[in-house]
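First subunit A sits with subunit B, and in the next complex the same chain sits with subunit C.
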Partner chain A sequence: MGLISVFISILAIAFALLIGAILMALADINPWEAYSYLLKSSFRNRYGFGETLTRFIPLLFSALSFAVAHKSGFFNVGAEGQLLMGAVGAVLVGAYLQGLPPVLHITLSILAGILFGAIWAGIAGLLKLAFGSNELINTMMLNYVALLFVEFLIHGPLKPADSYLYVSAEVLPSAKLPNIFPRTPLHLGLIISLVVVAGVFYLIYRTPLGYQMRTVGANIRAASYAGINIVRVTIAALIMTGGLAGMGGAIELLGAQFKVVEGFSSGYGYDGIGVAVMGRYNPVGIVLATLLFAIIRVGTGAMQRGAGVPFPLLNVLQGLIIIFVIASGYLTNKLTEAVVGGRA
Partner chain B sequence: MDAALLTTLTTWLAMSIRMSVPLLFPSLGGLLAQKAGVYNFGLEGMMLCGAFFGYWVSNKTGSPWLGLLAAIISGALLALLLAFTSIRLRVSQLVIGLGIGIFSLGFTGYLFRLVPSEAGGVAPAAPLFPKVNFGALRGIPFIGDTFLSHDWMVYAAYGFAAIIAWFFYRTTAGLNFRAVGENPQVADTAGINVILYRYLAVIISGALAAMGGAYLTLTQTAYFTENITAGRGWIAISAIILGKFNPWGVLLACLLFGAADSGQMHLQFMEVGIPYQFLLMVPYIMAIIAMTGVVGKVRSPAAMGKPYAKH
Partner chain C sequence: MPEEIYLSFRDIRKIFPGVVALDGVNLDVYRGEIHALLGENGAGKSTLMNILYGLYHQDGGEIFLKGEKYEHNTPKNAILHGIGMIHQHFMLIPNFTVLENIILGQTSPNPPKMEKEYFRKEIFKVADKFGIKIDLDLLVEEVSVGMQQKIEILKALYKGAELLILDEPTSVLTPQESQELFKMLDDLNKKGTTIIFISHKLNEVMQISDRISVLRDGELIATVSKSETDHHELSKLMVGREVEEEYQKEEAKYGEDVLILEKISLIDHHNHDRRLLKEISLKVCEGEIVGIAGVDENGQKELAEIISGLRKPSSGKISMFGRDVTHATTHQLIEMGMSYIPADRRNEGLVLEFSVAENTILETNYQKPFTKGISLQKSVITKFAQDLVREYDVRTPSVNVPVRNLSGGNQQKVIIGREFSKKTRFLLVVQPTWGLDVGAIEYVHHKLLEAREKGISVLLISTDLEEVRKLSDRILVIYEGEIVGQADTRTSVSEIGLMMAGSKKQTVSL
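Here is the complex of A and B:
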């Protein structure tokens, strides 16, 4: 199963890149030249490598957010909004709370991000628990609401009086995450994100709560018969899925951008869906898929600058990867049957 | 009634009708698919492709009719992909819908940035559908301005709602259609081709969603902008629930959403002191409220979202 999944994933990427090449050729862009920019941007020099790992961080959080919810039977497509709200929470603490030592200041800012993200996911979750509302639509609607709310904040209440741009105040030096790879933007968030991945999957696979979450996700009726408190488990899953996305926003703010600006997230929340699908919701798969999506994201920027490829090609590639990977689930089963003579 | 108030009321109502249409097309499409048992979560992506290809082909050929045709083809092709993967391969209908949405956002944005801009850096405009000419009737006070001031796509959307209602509740094929979404095993035993019905439902739903997108660019804006649909393909699903899975209910739900949208636009013009961002939130918050059961218990088709496998 494992090897076949990897093989299928590589095939999916190859197909997506092939269609991307066709689209470029139709626009009179040389695909080889363009793709060489993609590869060079991440691997040719130190800065590109650091930048790729910096983009890796928020992507990983939003992928984890989607994966945790998915495991618990909750369809959270609202990481984009939760990430934005997390950044709002973090900027409130990070920019306005003064006189704290760095470790405490950073911790409190991140906690504020987790809280805001969890509340934002919690709205959709409570509506589901109370009214059976479809959480997919609600989390999607809340993305638009969060985007508009952030736009309001940076046009008004959070905009510094002396600023001509629509931005929030900058977080104080004591709340900034330190750089860990000089002459690149890479910050401590990378280490935090990897610790969080390990923690999340330990919780899901090695603790009673994680077991209950997975049971609810796999079969809610069976979970109910088994005496699992569905409401309690769902709330735990909500806090985790929203908290993870919010934490991603907070860390992106404290480590990379320092201010909330228009276009702060630029789609990390949606990218996370593709990453989680491609990573098959397991820890190693998700880390590898995140790295790949980060390379594609940084690379598409380089393709735009170097070869004039319109940036939305990023979404084309991601959408195609999702479609191919999910459609190949069928093929994976067939292949597994053929190779090992039964369902893996 | 004083004249100024009457004018405001008339423009608000007329705009409510216009703003209901880009929701009504995808809602009716989504309704068809869901009644047949398939979740079409790709509506947003299909709308986007409809909006772009409608704009692009209309601009290239000078004919909004050809633009609309291209839009319908693009929506139907995406829907065919959704149908094949969810009916034949039986993969997650939610994930494939999301994949189609992300792909379409990128695809239309990519192509749009390749459209050469005109002098001044603006994108070229697409020829629009004209308003229907009602002749002397157009002059009837109030009625003329409110109901007879639209292009044909507005009347088509409302006409489709009536046709779908008639089809569902007055024809044998419509009964079969609903059976496929309620209990595919029984429908199959009764000799109904479950798979064929589902394919047709999904493909028509894609065509309708694309018409909703094309309505925006071919009757309202004349221009495409990235993510022009702004979540209408998702709000449409909420409108289906608010309309209790009934075509007439869906029509009323879309009219209500249209009225709210038109209302918030009027408030923006009137500068009432509410920040515009909060006014723009109105449709999304309404979509959330619509799903809290304000209309009472909603019963969805029993086999909705469940792939069918012959045993």
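Here is the complex of A and C:
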């Protein structure tokens, strides 16, 4: 079954690219040239490849964050804000705590990122638990709060006195993640992110807590009838979803950007939603979908510069791919039903 | 005298994904008869009628109405051809009056004015003709379920129905209301209305119909005249084998009190402080089945939620195994030995997306041997589920298929297996056989009696009076959130029925 669904997804992407090609042709752009830029930027040279994998990291964390929340019946569209807050937490520890050995410094900085992200998601979660308010709205609104809060910080409290740019202080060398692919920006965060994927899915599918989270997510009534403590499970899910997004922000800071700047995230949190949905919330799917998105992210720049594809059209292309892959999911389900047989 | 064929189905086939719902059904309905369609759930009775009414389309076969081929079956066309259908769930708007509901969708002769008075006269003519008495100015939400059904029937007649189809009409009624309905149908029939009556209840079918067609697994097994058949033959035709009428029950061995409710009340503060439960006191002891009978929505759901710890009572006290559990959580009660088979197996008892195996550990997932250290033990769980599937005869291709794919009976077996394989001392069971076929019903009933014999105390809440009478040692009747009567297996159905309708209150002693 797995193979068929991968095959259908690839077919769906091909269809989306085909429609994208037609649209480009209509706009008097040579689609083959444009697509060759898309692929070349990620695969033709070493730097592009490393760059793509670097983009892959924060995207993977935010996709995981959304997937975990989704599995637990919580709609967290606030990864963007949680990621920013995670970066804030990490920069506080990474830039201001001095004299620590690297391993400890990195660990503490990442933990601070997790903590900040979890708190940020926790605010929306507690509002939901206490007042039943809609987490979709709350997490979304908190994104703007986080964005503006970060702006405030880099215009004031966190701005180094000697800097004329609006940025935070840079993390200390002892908190920086080491490069793992010389002459590219790729850092240790890649390995960490892959370990975290494995860990998260182990937790979800192989531990009682994960089982209970999935039960609450799939059928909250059955969960309460079975005596599952819904408040406890929801809080655990919140800590995880916020913590993962926050961790993504921390690692992006410690490995790639080193400073919190305006536009630090540039939509990783939102793209993560599309990635998680496209990856059908399963580990392999999410990793593949993240890779695809990272390629597109890196490639669109080249398409714009090289082939003159207008930016809105690139957004359309990205949207087409998401829609087709999601729609193909339904197709796969129908096919499965037809082959295995429906309900008796 | 040869009967005039009013309606006939020829070789009707209907296929739903993966299931043949109707397989070459041939059926003739005579003008002016009451024709019952008898069969178990899923036999295809409703599907056949929904095809006639135009809610589905057949994949093969033809329908003839009054000798002519009836094509383009849509609800609108059905009404034009004098076919009226009363669904199990009424299609009425609660905050409209009876009159407004009946004329919904009708055009006034002088549009755009809505001439209620004109319609009122027209409806009166129809009601008069058929001898139906309904106050047209009442709001639908204020009238009883039985009355709502009458409104639906009047609505169909007003639209010119010569043929009335009733889909399981008594499932929402008390025994008394059912009798009233039968009398009404009888009157309509005498005035020339042809009636198709869908039911799985033998008594009703034997009481009201002229001829009976039995459907089983999408096939028409037989059409028989009432005068030439009996209960026994019908039940055999319906199920395809002999059925037990009464259960052999061992003499009850009552032990200690397990569950005691003292003056439990529940007030709904969100809804004008309505009293949902009123000073309910009861007790259940070891080795006993106490049945709570009543028409749906008289507080059974709330009572079950309170006993299982899902909801807290406004006042009163609950003890279980001698401990005060008024404020205990569901989790604590389960740990103490409560098992719960909830009314809605698809939404409360199971997680449909989960596999059969995953559903067997809903309550015990964190316990040994299912969890060791921090990890779920997949092989242990699979083995446990496989044993459970074998022991409780769950028909499933494997324990890894989603429980959604199982039939209702097999889903219920998964729940029963799960609940019975724990160390249960108190069993709360709500509507355990709702929507199941006869074979599965027998199975569930036997399991409940087995539990009783093992000394487990069982509280059975069900709207199926037959079920409550067959299984219970004592019967309590609930009406509008109050226990209004107590009965035992010797009390007659009609007497319990009166209590269920709230017209016979007696003082209840514990």
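To be clear about the criterion, the second predicted complex is superposed on the first by the 321 of 344 C-alpha atoms of A that agree within 3 Å, B and C clash if a C-alpha of one lies under 4 Å from a C-alpha of the other, contacts with A are read in each partner's own complex, and residues count from 1 in each chain.
By our rule, a contact is a pair of C-beta atoms (placed from the backbone, for glycine too) under 8 Å apart; a residue touches a chain by one contact, two chains touch by 3 or more.
Source: prediction; values computed, not measured.
Of the two partner chains placed by superposition, A:P173 touches none, neither subunit B nor subunit C.
When the two structures are aligned on the shared chain, A:N229 is found in touch with subunit C, with no touch to subunit B. In the superposition on chain A, A:Y270 contacts subunit B only, with no contact to subunit C.
Among subunit B and subunit C, the chain that touches a larger number of residues in subunit A is B. Of the two partner chains placed around the shared chain by superposition, neither subunit B nor subunit C is touched by A:P182.
Judged by the touch definition given at the top, the superposed model places A:Y211 against subunit C, while subunit B stays out of reach. In the superposed model, A:N219 makes contact with subunit C only, not with subunit B.
In the superposition on chain A, contact of A:F149 is made with subunit B only, not with subunit C.
Touched by subunit B in one complex and by subunit C in the other is not one residue of subunit A. The touching residues of subunit B, counted against subunit A in their complex, run 41, 81, 85, 89-92, 94-96, 98-110, 113-114, 226, 230-231, 234-235, 237-238, 241, 275, 277-278, 280-281, 284-285, 287-288, 291-293. By the touch rule above, subunit C contacts subunit A in their complex via residues 16-19, 308-310, 329-335, 340, 342, 347-354, 358, 361-363, 365-366, 370-371, 374-376, 378, 404-407.
Interface residues of subunit A, counted against subunit B in their complex, comprise 23, 27, 75, 77, 127, 130-134, 136-138, 140-142, 144-145, 148-149, 151-152, 155-156, 270, 273-274, 277, 310-320, 322-323, 326-327, 329-330. Contact residues of subunit A toward subunit C in the complex are 205-208, 211-212, 214-215, 218-219, 221-229, 337-338, 341-344.
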